[in-house]
Structure formats: structure tokens, C-alpha cells
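Note that the chains are named A, B, C and D in the order they appear, and that numbering of residues resets to 1 at the start of each chain.
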Amino acid sequence: MIVVLKPNVKPEQIEHLKDWIHSLNIDTHVSVGENHTIIGLVGDTSAVDIDLINALDIVETVKRIQEPFKKANRKFHEEDAVIDINGVKIGGGNFQIIAGPCSVESEEQICSIAQSVKASGAGLLRGGAFKPRTSPYAFQGLHATGIDLLLEAKEQTGLPIVSEIMSMEHLPLFEHVDVLQVGARNMQNFEMLKELGKINKPILLKRGLANTIDELLMSAEYIMASGNENVILCERGIRTFETRTRNTLDLSAIPVLKKLTHLPVVIDPSHAGGHAYLVKPMALAATAAGADGLMIEVHNNPEKALCDGPQSLTPAAFAEVADLVFKIRPYACTYNEKI
Amino acid sequence: MIVVLKPNVKPEQIEHLKDWIHSLNIDTHVSVGENHTIIGLVGDTSAVDIDLINALDIVETVKRIQEPFKKANRKFHEEDAVIDINGVKIGGGNFQIIAGPCSVESEEQICSIAQSVKASGAGLLRGGAFKPRTSPYAFQGLHATGIDLLLEAKEQTGLPIVSEIMSMEHLPLFEHVDVLQVGARNMQNFEMLKELGKINKPILLKRGLANTIDELLMSAEYIMASGNENVILCERGIRTFETRTRNTLDLSAIPVLKKLTHLPVVIDPSHAGGHAYLVKPMALAATAAGADGLMIEVHNNPEKALCDGPQSLTPAAFAEVADLVFKIRPYACTYNEKI
Amino acid sequence: MIVVLKPNVKPEQIEHLKDWIHSLNIDTHVSVGENHTIIGLVGDTSAVDIDLINALDIVETVKRIQEPFKKANRKFHEEDAVIDINGVKIGGGNFQIIAGPCSVESEEQICSIAQSVKASGAGLLRGGAFKPRTSPYAFQGLHATGIDLLLEAKEQTGLPIVSEIMSMEHLPLFEHVDVLQVGARNMQNFEMLKELGKINKPILLKRGLANTIDELLMSAEYIMASGNENVILCERGIRTFETRTRNTLDLSAIPVLKKLTHLPVVIDPSHAGGHAYLVKPMALAATAAGADGLMIEVHNNPEKALCDGPQSLTPAAFAEVADLVFKIRPYACTYNEKI
Amino acid sequence: MIVVLKPNVKPEQIEHLKDWIHSLNIDTHVSVGENHTIIGLVGDTSAVDIDLINALDIVETVKRIQEPFKKANRKFHEEDAVIDINGVKIGGGNFQIIAGPCSVESEEQICSIAQSVKASGAGLLRGGAFKPRTSPYAFQGLHATGIDLLLEAKEQTGLPIVSEIMSMEHLPLFEHVDVLQVGARNMQNFEMLKELGKINKPILLKRGLANTIDELLMSAEYIMASGNENVILCERGIRTFETRTRNTLDLSAIPVLKKLTHLPVVIDPSHAGGHAYLVKPMALAATAAGADGLMIEVHNNPEKALCDGPQSLTPAAFAEVADLVFKIRPYACTYNEKI
């Protein structure tokens, strides 16, 4: 961290600031320039609050040089992380499609979708049992029953399962769920992140609608700092002024994350846009840009299509997308080398 | 809700859609136009997922007419809500300043600030014991000790206290805290909102950094629908592209909220900007625009100014701001009438 | 356009509104519902100001059904437009890479880059002679000399050239430039758009940093309504809260635009991110998503690399990207069918 | 400007960079730290492209210390600028309300509004003769006739007039217009800004919908650097994700601008929100925050209310707002001292 002081700062003020920095167990290296004195902070500055220093009267500007995340930082972990989910690997060249319905509705629904997406090449099954809904009056999921149905589909197909957890009180229900998903709205539910760091399951961490890439990494850091390093990052669209799409899928997050972290990066093209016709182009784009995986909503209910998700593909449409994804993969960006 | 169908939709498709709507216990009123058929939904549409209908193949567009919030809706509750906090009232013409330090640090700190802000006219004391921090390595608050110190300050001054709760597991610690604050990052932690609806304390609900005004009201609705109607709304800045301020304080939220809801609206000018020099102008502006209250950070530690919050006022600066606030109040916007 | 009136509107108010709508040469179709009266506007509503109607006292809400753009609307022009640039075609299955330096600097520079990008498969040469710069003190381009150098490169390679025009007063200088580029900052310089509609050259219209897709199409409509239908649309990144990239490239704009308009869509992966390492993944992603072309910055100045653009590729890096782009093209999304 | 180099940069690379910086007539001051070498740039860095340096391979990070604007910078001009508009002063404690209709429609309309707003305390008259409209099919203003009508109202009331110019070709028509307004969409029409710097009239420069405060100041700098220092800045709402208001009025821009520049700051509460009910609270708020002026839309056409602007006040409503504004002024923030 580089702290640039304002002109005309008094020596005792500089000493005061240095003393305070030293009290944080950080060394200082002072460089007196023509107009400005610069203090370099040497040591682990990850706990230093940059906003606080920035607002001090005597400080002109501050610049963080070292990223404040450590365990999630590629600088300290050059090799790609490979997350092993009951034998299904993601990261380090291993690419996976996670597919399934928005909500688990019935045994027939989830098992039939599971079988069809498996046949098309999906490596994991997703399905919501606890659904975060903007309205308290909207359907909130089948809860325990939904989890049971997912486990049934897992047994029938062998596909590991991914499902969202919304409160740590529900943890016992997730005992046999393979990957716990943290939804976008809970990305900065720090108490939950700490608890998730104490368990021994991969976590799929979704980026919040208005969270920066750095904040996503800091939330991963919360989980990792508590002991669980099996974190998969997921970009699912950010909030912008554009109204033709529900959110704006930020595909640049792929190369940016690949540069900053060794954790796998998955893209969810279904939620971002909010329309089924956007899923295919965004799935292909994410693949070409070098994502480690995709998370795609699939429904199978032609009779009751009205209640299926607006952003879901039919199994047939999913099969077509998966086929093109696998054809594009050989030409996709790779991030083996240091960038 | 008005559903406009695409041209050339077949009669059986319309019947199919109507059947599905009726299955939600909502009546339909169909109007056949020259190009477009329009279906009006008659009844309580608050549980209807507009995105889902919008994405149906046969639908051109959907428009919600009735807001999806009911208990928080001024249409069904014309009179301003007045929240009574141990005798200190807010809303319905009652204006309050909530002041105090970002974090509780020591008995001397919190009690001395409490006394000085009370002398300047503050009606409630704020102080953080559990601090949501982006980094797991940053100071996270004094926890139980912090709450104890707040209670000590309450006893000395008689000021009711406001403090943030980050997990329902901590609820027992908040037994004597007068107002529970839900931070911006937990605004859509729906499981927490449901739990807060079951207790009998006023909730100060902060708007999320990227949440719309409607989403804020839907989160209030979660609390109210579970039984607790004592909700105070708080605007604290939204995330935009501007970098000179930490967030952009959205003061238009005051008249918009006053039109949509009867709940009190408080403005936090300290967090939005991230710099002390922005607090005074934004506090005066919020007052003139007709806010029901302000939430202002105050620190008192001239000896150790380095570790106090960058956006905090000294007690003397706070006294000056409070004085001007009370002078502007008589000329501020009022929202007695229906807008 | 559907206008939903508030409950309890008086018949004479409805008549007043209808009269006013009729005065705009638009018919009305009134439907009286249980709570709400709905007025359907029948006819060409493209000139109707939706904000104005929306704000009338008696109006609950308004919804536009017909897009306000006509000449740029795929509904009235199902076939993809194919723009012919001196024999180089773009759109309707014809894919082109436009490559070249940010600024034209010297004959050697522009001719050498032109030759190398042509060899790698680029179909058009780009180069800035007039540069829009945030600072009046920054280098503003070589102006007339820059155009002359571009024409020299065109003569040597046969590549048609694309260059930005910043004022219609400079038009005579662009006599032999093949495609006139309108920069993001001039996207809503309506007087300029009208003038560009009167000339007979393809226009490459860049989306403004904070402009919606609909506004981009309305700006295209300005050019087309004045007589010039040769418009190429270009997405180059929008402004969001994310700071790791200069702007956020909105690749969902490809399928959205392909649905709404028949005009070709080009993606500029160089400007959005602001870093060379982002160009390759975003170029591949845009290709996979079905863009009609790419616009990529290339520099060739190893000796003086300091002054070349931070987002530029070397000719060798460009050759590698182009090669992968052409390999991905066969599997890219297509938009032949109606979506 | 402080340039922090990456670890392990070779001495010849540092020399190369220094040589290049010196070639821009800027001195360097190198400080070698434990991990990082820091180069301080000493001299006028306003023309240096920070993005360019930031993207160099050997650079870890860059931080600008000196703002890139000079003529608009309060550091070099401590006293508030006072703009004299035919005897009506704004800035330096002089507060003005600019009021009038969105579009000039008829002599009766503009003269009657002019008289009533003058009676309520407005100091300047606004009215649009050239209207920037998103759609080419929408009404674009009365053009020359509109200007003539404004001049007639000026003669009748003595109020100086403000009107928007959309192309420098129209300049002769504006000979007797007192203040030329640059609309938000032309804020970065740099060629126009340069031309406006060569004339001798005050310019009211509106902030673009997605432009930062720094970019607004750089656009003011374009005008000032060309010779015209009579620039009035105007905040009119920025584009965010919130949809209840057309744009989000950024009132924090007042203290931020007051700190950075000596130019007067005017707030337009009418355009930002897009609804008349938002004008009063935002006008009062802007006044309390210490704006130097307000720009408010007023219409007077009760018979033809349908075609008046949705965000306009009636003369009676304007009178009430103006009265409260003048009552709040004595308690408003002031920025006499250095901040």
C-alpha cells in the first residue's frame, strides 16, 4: 500500500501516522519527494482499511498494491485449483456443465430432467429446494421434500447435485448435497460465509448483482480463511441501466478472475438475461472466453410450460447448446500461463 | 396486471393461459383489440411472477398495475405510520436524529458521544457491535461487549439504542437493544427478514447498494407479512459509476417512498459519501426534502483520530449540523396529503 | 401503445385524452374493465412521447407495444441487411474483422499494420485521425494528415478504411474514407446524425457508454430516417460500477439486437476492457455469440511500445486471435430464423 | 502522478520509461523501495494519458495526484467565480432560479410564463427552441421562431434568457441569447466545446447521464482552455438501475464540485425525476445543500395540460417552491472556506 501525503504535512503528523501503522504490525518506508512525501506500507496489509486512511486529513491519496485477498490469490497459488466433487472435477482444464430446473417440483420432473441432461453431457445436476424470492407471497420452494427429490435423482443418474442454501439452520438437510450454492443476495452475508468455511463441501459462490469482482473474491476469502478452500466462483449478471435484459452478463469477469485467482469460474447464462433466447449465445460466448463451466436451467414440462422458468431451455434445446459448447471448447481461451 | 398478447395467438393458447391464471385464484377480463388481445388480471396479483409471464411465447408485454407490496403500501394505509421507540417517536411529523459512532470501542467513547449528541438534539444513539466488513481480516466489532457498552450508554443518557444484527443466532444479545438494524448487505437475506417479522421490536431496514426502491419495500413486506409492522426504511447510497463518492445518495427516494408507503424514511448521509465533508450538505438536503430522520456517524477521539471513521463528524461538527437541520425543518417538504 | 387509466377517471377526462390522441392522427380503442379503463392507441405511435403520457394525472401506467423505431426494425425488414463496403460485405452471414491502430501516427506505422492485419484475415482497416479525448491537453490526432496516411494504406493493401468523424465540418476530408464512424460520445449528437443520413456512405455507429439498446436503435433510426440505411451497429462497453475493466462489454447486446433489428452488429473488444489481455477472450466470445464482425486495435511499434495503446494487440497476437475466431465461426450462433 | 513499478523490473526498462516521460517535458523522481520502485512525475501532467501508463507491462499501478483540469480547478482559483449575465449574477453567494417551459410554443405562452416566474423571484428565463429528442419522429422545437419568441419575452420582462444550442451552425440565431446551454447528450461533443470556448457568452454545461464529475470538469476545461471562462455547471440526474425515477439526481455533486472547482453549480430537479411531484423536494434539497442556482420547468397551459411536460410545475406551484427555497437559503451550506 502506498500512502501519498499532502504537501506541507508536519513531521509530527507523519510520525503519528507511522506509529499507528506500526501498531498494526506493518513496517513503513518513507520517501520524501519534492512536493509529496510517500509512505510505503511493507507487510501484510490485508486487514488495513483503505477507506479509513484515504479519509485522513493529511493524506492526498492511497493506492493498494497488494490485493487484500490471500488464499484466493493466484499470486500465492499459481496452479489452477481443481475441485473434486465426488469424482467430477472442475478447474485446471476440467470443464463441466451444471444443468437442471430452477425449482424441484416432482420426482418425475427432476429425474427425467436429470437423465436427459446427463445424456447431453452435463456433469452435475442443479435444482432449487429453497428459493430466494423478492416477494414473501411467491412460491419459496419444496424445502426438505425438494432435497429428497434431488437425492433420488442423484441416485438414479449418479450426477452429483448442487442446491442453494439460504440459512445455516437448514444445513442438516444438505448432508448429502454435493455442492452448496450461495445465492447472489447472500454473497455478503458474512456470518453465513464464515460458517460455510467450517464445513467440508465445495461451495458455489454467486456474484452479487452489484458486487465488484474484488468483493466476490473477498467473499471467497471469508470461506477460505475459515478453512474451506473448495470454492467455485459464479458470474450470473450484474445490475446496470439496460432494461432489455434482466441483468447484464459480465463475461469480462472470466479473464479478470482467471488473472486474479486460481479458483474455477462458472458462468450462469440463464439468470442474467431472463429470456430463453439469450441462453445459447451467452453459453457459447462464455465457453469461448474460457469459463471452467456453465450453469444452465432446463425444464421438461411441455404440458405445463406456463409455470416453467422463462429463462429455461427444453432438454432438446439444451442438447443442442451442449453439443456446440463441446465443439467450441478446443478453441476456447486458456489460462495456463501466468497472464 | 395487464397482459398484452402477441398478434395471431390461437384461441386455445389464450384459454390455456386463462386456465393457468385462474388456478392462481385470479380472475381474468379479456379485451380483444384490432391487433392485440389484452388480458386483465383481477384479484390479488402480489404472488404472480411478472418475469415468468413476460417470458411466455405468446406474451408481447406485461405491466403490473397494482404494486406487489400490500402491508407496506400507502394505498391501504393512508396515514403515516408512527413508530414508537420507548417513547421516542418517528414518522407522522415526528423527526429524529440517530447519532453515534461507527463502532463501539470503549465505555468512555460511547458514553461521552452519547451525552454530547443528546445535548445537540439527537433522539437515538447508534453504535456498531457487529460490523459487516468486506475483508475477513478486518476488525469485526466488539460483539457482546459492544452491546453491553451500548446499554451502559443508554442507561446514562436515556437514549434508545440502534445496533446492527448480522445473524439471528445473535438475537439473545439484542434483548435490550431498542431498534435492530438490518444492513444493506442483508437487505435480501430473506430467511433473516422472516425471523425479524416474528419479534416485537422496530427494525431499521437499510436499502441495499443495488436494490431498487420497490425491492426495499418488498423486503419491508417480508418483515411485515411475518407480523412485525414496525419498520423504518433507510436510504444510504446506491452503487453507480461515480467514483468521487463511495456511493451515490439517492435523495429522490424520499418523495418516491413517501408516495408509495406510510413507513418512516430515514437518510444516512455518512455512509453514502465516505467523506466527512459530505455529511453536512447531505444532512441538510435530506431534511429539506422531508426525511423523517437522519442517521449520522459521530466520533469523539481527537487523540486517536487516525482510527476514527473517515465519514464521521466530531461532536462539535455534529452540533452545528443538528442546529441547521432543526432550522430547516419548518420549511421542509411535508407529505401529509395524498400525492 | 396501451394506456391504463386510474380508477375513477371522469368520462370527460377520457374524452379529452382521446381528442388529444386523435389530434396526433392516432386512433383509439377503449376497453372498460372492472377497475381500470384501458385505451389502446392504434396507428403509428413512434412520435408519441411515452414519458409525457405516463405523467398525466389520470394515467396509471403506459406500455409501448410497438417499438418506436421503424426503419431499423426487423419486424418490417425480416432479412438481414448486408452492407457492401466497396465489395467487402458485412451482415447476412458475412463476417468481417476491422483492425488497425488507435491513432494513425506515420505512413510506415499504418501501412505496415495494414499489411499484417490483411495477411491475418482482416477485411477492413481502422485508424483514428480525429481522436475524442477527455482532456483538451491530450493529443487529438493527426487530422487531415492522418486521413491521407490512411488513404495511402488503403491504396497499398486494397482494404477499405474506417475512421471516426467528430464534426460535419470535417466531412470533405472524409471523401475517400469508406466507412464513417460515429463515436460513443456522439451517439446522441442528433444534428450530426441527421447530416449523416444525407450522405451515401456506410456509418459505423457506436453505442454510448450509458445508452440503452433501444436508444442505439433510435440513433440508427435518425440516420436511416434521413435517407441513409447503411448503418452498422457497434457495442463497445457500457459504464457500470465494476472498476477492474474500463467498461463492461455487453455481449447480450448481440442476441438482443439480432432480435430487434436487421442491421449488422460489430463488437469492439479493445476499448471496453482497456487492457490487452482482455481482447482475445472477448473477441472469441463475441464470435461465438454470433456477432457479424469485430473491431480490434493493433499496434506494431515494438521500439516505442510505451506510446502504443494499452488495449492494443501486436500483429502476432492479432494473427493468433484471428485464427481462433475463424475456427469458432462455424459453431457460432446464427440468427437466420425469426427469433 | 505516482507510477508504481512491478517487482523485478530491469534498470533499462526504468530508464526507457523515464526517457519517455522526459520526452513529455515532465521530470521524474525515482524512489527505490524494498519491493517496488516508485516514479513520481513532477510537472504538468494534465496531458498524460493515465490509462496508457497503467497498461504498460512494467507498471503495477498509477495514481494521479494532481487533477487534470487546471482552469476549472479551485486550487488555482480559490475565489468563487461570479458569472455576470447582463447584470444578473450567479456564484460567489449569488443565487438564481432559472425557470421556464421545456419548449417555447407561442408568444402568449412564453411571455405569460416569463412574467409569472419573474414575479415569483426567478432571475433568468429558460425555454427550448431546439430540442434533443431520442426519436427523429418527435417534435424538435420551433427553432428560429422559438428564439424570436424568447427574445420577445426577454424584452417584456427584462429577464436574461437561457436556451440550448445543438449545433454550432445555429450560432447566428443565438446572437441575443444570454446563456448558451449545452445539453447532457453533447457534454462530450468536444468539437462543439472548443467552438464554444471561442465565443463571449456564459455557457451552461449540463452533466451527461453517465459522466463522472471529473469528466464534467474536463468538458468545462475544454471551453475554458479555448478562452471562455464563463462556465456554469449543471447536474441534472445520472443513469442508474433505479426505475421509479427517470434518472437519479446526484446532489452529492454539489459539495464535490464546490471542493474541486470555483465555477457555479446549478441543479435541475425537473429533468432528473421525470415527475412533477419530485421537483419541490429536490429543489429544496439542492438549495439546502448549497447549490448556486436551480433550473426549473414551468408550464402555464391549463387548457391544454396534456401536452405540457410531465415534469413541469404550474406557475402557482412554482411560486410556492420559490418561496420555500428563499426561506431555506439562509441556512444552506456555504463553501466560502477552503474545504
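The definition used in the following text is that a residue touches a chain if its C-beta (ideal position, glycine included) is under 8 Å from a C-beta of that chain, and two chains touch if they have at least 3 such contacts.
Since the model is a prediction, treat every value here as computed from it, not as a measurement.
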{"item": "Chain whose mean Cα position lies farthest from subunit D", "value": "A"}
{"item": "B-C or A-C, whichever has more C-beta pairs in contact", "value": "A-C"}
{"item": "CA centroid of subunit B to CA centroid of subunit C, Å", "value": "39"}
{"item": "Interchain centroid distance [CA atoms averaged], subunit A/subunit C, Å", "value": "31"}
{"item": "Residues of subunit B engaged with two or more neighbouring chains", "value": "210, 239-241, 243"}
{"item": "Subunit C - residues contacting subunit A, complex", "value": "210, 212-214, 238, 240-245, 248-252, 254-256, 259, 272-273, 277-278, 280-282, 284-290, 324, 327-328, 331-333, 339"}
{"item": "Complex interface listing, subunit B residues touching subunit C", "value": "2, 4, 29, 31, 33-36, 38, 40, 42, 60-61, 63, 65, 210, 239-241, 243"}
{"item": "Subunit B to subunit A touching residues, read off their complex", "value": "16-17, 20, 46-47, 49, 51-52, 54-56, 68, 132-139, 166-167, 169, 185-186, 188-194, 208-210, 215, 218, 221-222, 225-226, 239, 246, 274-276, 305-307, 309-311"}
